[in-house]
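Here chain A shows up in two complexes: once beside chain B, once beside chain C.
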Partner chain A sequence: MSTPKQTDQSHSLCWNCHSELESPYKCVRCVKIQPWADDTDYFQFLGLPRRLQIDLDDLEARFLKLSRIFHPDFFQESEFAEQDIALVNAARLNKAYATLKDRETRAGYILELELGEKYRPTKNVPPELATSIFEVQELMAELSTHSGNAAEQETIKALKARKEELHKDSHARLEELDVHFAAYDKVIGAATSPFEPSVRRKIEEILRAMDQTLAARLYLKRIIQNITATLEGNSTNGH
Partner chain B sequence: MGTDQADIVVGIDLGTTNSLIAYVDGDTPKVLADTDGNLLVPSVVSFAEGKLLTGIDAKEHWVERAESTVYSIKRFMGRDSNEVGEDREYLPFAFEEDENRLIHIQLGSKTYTPPELSAMILRELKQRAEKHFGRPVNKAVITVPAYFNDTQRQATKDAGKIAGWDVLRIVNEPTAAALAYGLDRKEKQTVAVYDLGGGTFDISILKLSEGIFRVLATGGDTHLGGDDFDRQLMKYFAEKISAAGVSGPMDDPRAIQLLRQEAERVKIALSANSTANFLLTLPGKPEISGTISRDEFEEMIRPIAQRTAGPCKQALADAKLTPEDIDAVVLVGGSTRMPLIRELTERIFGQKPYTDLNPDEVVALGAAVQADILGGSRRDTLLLDVIPLSLGIETMGGVFSRLIHRNTTIPTSAQEMFTTFVDGQTSVDFHVLQGERELAADNRTLARFKLTGIPPLPAGIPRIAVQLMIDADGILQVKAQETRSKVEQSIEIRPSSGLTKDEVERMIDDSFDHAEEDFLARQTAEAITEAKSIIHAVEKSLRKNEDLISEAKRAMIASSMERLKKTMTDKDHGAIRDAIDHLDKVTHDVAEKILNRALHEAIKDTSVTGNQSAIE
Partner chain C sequence: MAYSEKVIDHYNQPRNVGSLDKKEKNVGTGIVGAPECGDVMKLQIKVNDKTGVVEDAKFKTFGCGSAIASSSLATEWLRGKTIDEAMEIKNVDIVNELSLPPVKIHCSVLAEDAIKAAIADYKKKQNGNGVDPVREDDQE
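The block that comes next holds the complex of A and B.
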């Protein structure tokens, strides 16, 4: 495990003894833990470069190591100020780990980081899904008009088959995220400056694609939930 | 009380049926026994002969004083009268509800809330610890079922405070059990803890690695346990009784209690044997006897036992694991002694469960380990637990908006922005809930509060940040702030079901005074007993060995004894101890002489010392 990246924190001072900090986590002089600076993102706090392909075992090891530093259990007898830092840091650390561990929330986080607070997930229905969703809605409407005959059984069968397809599609989209992650890492890795306009353009293109994938996943999830609820509702209503 | 020793921190398993207290001795967690060697304190409170009894003393009364003997208190902790429904008809004691639907149980001339009753058990445990250590013990970790909601946790913490405990932490029972199980295991593994106690069921899945115990997912049912199995047998007995033509067995509290006792006995017998005999001797009714087989019993409880399978599967799914990923299934709680439960867990997880731990003690032992961590003596072990149920806020249209999802590692926090709907609106109401349902109305209300003092602005302009923070106890703190005005905002939190802060404070004051008094009274009683026996021994020796002691010395001893007798009537244990010490010093040289004489007489011809003259 490499030591955390020293960025703008390298010249910050300990809140307690005001000596210069060598580590953003703990003051070597008075051994007090340090508050998590607002401009430190999840990657920085975990000592990771801003890359989207993450080794999950390494991430877990970093999370556990920092938990040993910040968990409130170890500050039961400490002064209130330090207890408060432990609580806030531990809560943020837990959130950081949960966010980066999961591919979807990781993608959502990088979109927020790169595009800023004004970022809003796209609301456009991915065009390739529109037909599929329309068909499923028709099948579900059919189910409520038929009852107790062979046609109903056919509709149920068709819906179940659709659900299976959508599941597969949803899974494929998750793997699509891996492709975007690799592309992002490649662009960042090759760039001399991430702020160069040509680099920014490439990154923003990847981010847009990522946003679309997330939107598709969300739609797929909702429609699968709807099918499940409809099938369950149908089986409990007089069957 | 001043002491240079480190504070003792103990672990408490406050159970539905029995409670235990444990501490870490050196490196090993141990359960504290009473003077008769009993480890378990029955979680029973009884009002008999004009006073309140707890534990074993209370349990003795649970047949003949059934209507004033309370048990299974844990099932009522943090619950309102709507939530305890069917328990009512099988319990011999009466309860009432107040305007907030809070439960009050009548004992003698007073009524008590569930936290006050639990506090009586916790106080008995406190006395046990203080007797063991010979000094006040105030800090404790108390366990709760992992699936307890915020209100139930808060009620438990309140009970601790009322009993005079400084509750350092509320720990989940299966997590505590995992701690006891994994303490000496260094290898990485994924463990499922299946905890079926007297009244609650929990399933937790944990990952153990290098001293860190991380809960991946938890699930359960806070109203499922051994009590429910007993109840099935009670129903069966009731049928046998009415089949024999004996009417109305359920009307008499003593009868209910006799049936319960017999049901519990038969249930336990059927864990070891394939059949068991029962004998129903109801007051004033003919005896009814019979035999029940394990198969028959299992048939009647199977649907209840099966209810544990759903939460197990859900927990596995939430942890994104399959049964093959589980390295060990640890059984906790007395009900896991039942063969049916062992078969069931084997079927769910596809492997034989680990049954080497004592299912009654393991939670208390784990709590002691967590107490040791919080006491600062153990830095190599750490628990990372989760919140069992999602938390959120009611939004437009009665929809439940989840801000923190279940199985999120704690501590954790979430923030959400809200605004006003009407021009010039200066306050906003918030409704905080816990649960998994989509509509707010289907979930459990934790708190309602009103944010006031918002500057009057057009609708939608104020920006109100509401922050939910779950601390390491899994207990909620809510903060709200209007971010534009930066004006201090006031939050008024009304507990939905449970005790208000003031009520708890009052109960603490009441009991804390008593706890201090109790401790002092015990110290004094012990000192008086010691003083009496010393006075008796000195007087006896003086008579026997008159010739060895000078007039002057005798006067000194007499005045020292007078002083001791006076302190005994003043009931000041410190003064009594001082006076005992004084008498000890005064009689020291006499005692030596008396000892010599005794030795001399014992070994007739051998002269131990030549000097036998009277002391000057």
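The block that comes next holds the complex of A and C.
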């Protein structure tokens, strides 16, 4: 496992014995665990390059290995400072693993990481998605006005069909993320410097597309939940 | 959070709810959505071919009170305006008129987007299937 980059001099010395650190996780001399430096992101802490196509088995192995180093149970008898480090690192490690494991949260994390403070999720969705959601909302509104007649059955049937379609669309957008991930990795992999303006432009274009995909996914997830709740509410009312 | 009196008024008595025939050549339709709150808004305008004035405006919104009030107010303002004047309607005007709190500003943005989308759709229809000049100018 490669080690995270140490940029800040103060982090490369052990907090306890002040000797030079060979590993960012633990001091070989006094065997104290080391705090998670603020400028170390999830990728770095897990010893991963900043790439979006991740081998999940490898990710899990890294997570488990680090979990064994920082698990708070091992530090119950330790001094307070070390207990504290274990607690903070273990919690952050769990968050890091959960974030990187899932494609959507991984995409959200890279957007925050790359765009920093200025990142705000887009509030726009493609017109065809808004139209389709509008139609579904109309169907649901219709359902609340009908009761127990043939028209109601028709509407329920139509809603179920729409839900199926939206599910497919939602799934397709998740696969769209894989395409963005591959594009991102390709640009980063081919670049001599990730800060070069032409590289940044390409990266930002990919990030924008990723942001759009996440917004559509969020919207779809909400409307699907909404349809499910409406259909359930309708079937319980009927009994 | 308390709604302002004007929001409550529009919410209880929304103006111009309904639909126009979207197939008609002088009707422009804009449907916009907001992923974070799940709202969706449809706004339509009917434009007099000769005068270029918005003769009728209708909306239908699935969303919170502020979203409904914003689109209701938008249709009121649109009626009697020329297309160019309609393009001038800004979300801040809606915010001010309805005293929307900061967390509801996105509702007014949605209404402005819906107006722009409806106008763009109308212009597109007028130009046949050619490029849409409004949208191009509009790009950020």
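The rule is simple: the second predicted complex is superposed on the first by the 226 of 239 C-alpha atoms of A that agree within 3 Å, B and C clash if a C-alpha of one lies under 4 Å from a C-alpha of the other, contacts with A are read in each partner's own complex, and residues count from 1 in each chain.
We take it that a residue touches a chain if its C-beta (ideal position, glycine included) is under 8 Å from a C-beta of that chain, and two chains touch if they have at least 3 such contacts.
Everything quoted here is computed from the prediction, not taken from an experiment.
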Point to revise | Touched partner set for A:216, first chain B, second chain C, both or neither | key: second
Exercise for review: Considering only touches as defined above, state whether A:74 meets chain B (first), chain C (second), both or neither.
Suggested key: first
**Study point:** First, second, both or neither for A:95, with chain B first and chain C second
**Key:** first
Exercise for review: For A:87, decide between first (touching chain B), second (touching chain C), both and neither.
Suggested key: first
Practice item. Report for A:64: first if it touches chain B alone, second if chain C alone, otherwise both or neither. Key: first
Exercise for review: Spell out the part of chain A that touches chain C in their complex, as residue ranges.
Suggested key: 121-125, 127, 129-131, 133-134, 137-138, 141, 215-216, 218-219, 222-223, 226
**Study point:** For the chain C and chain A complex, residues of the former touching the latter
**Key:** 31-36, 38, 40, 42, 60, 62, 106, 109-110, 113, 117
Check your understanding: Which of the residues in chain B end up touching chain A in this complex?
Key -> 168-169, 209-210, 212, 214, 373-376, 379, 382-384, 408-413, 469-472
Revision key, fill the gap. Counting only contacts in the complex, chain A reaches chain B at residues 64, 67-68, 71-74, 76-77, 87-88, 90-92, 94-95, 97-98
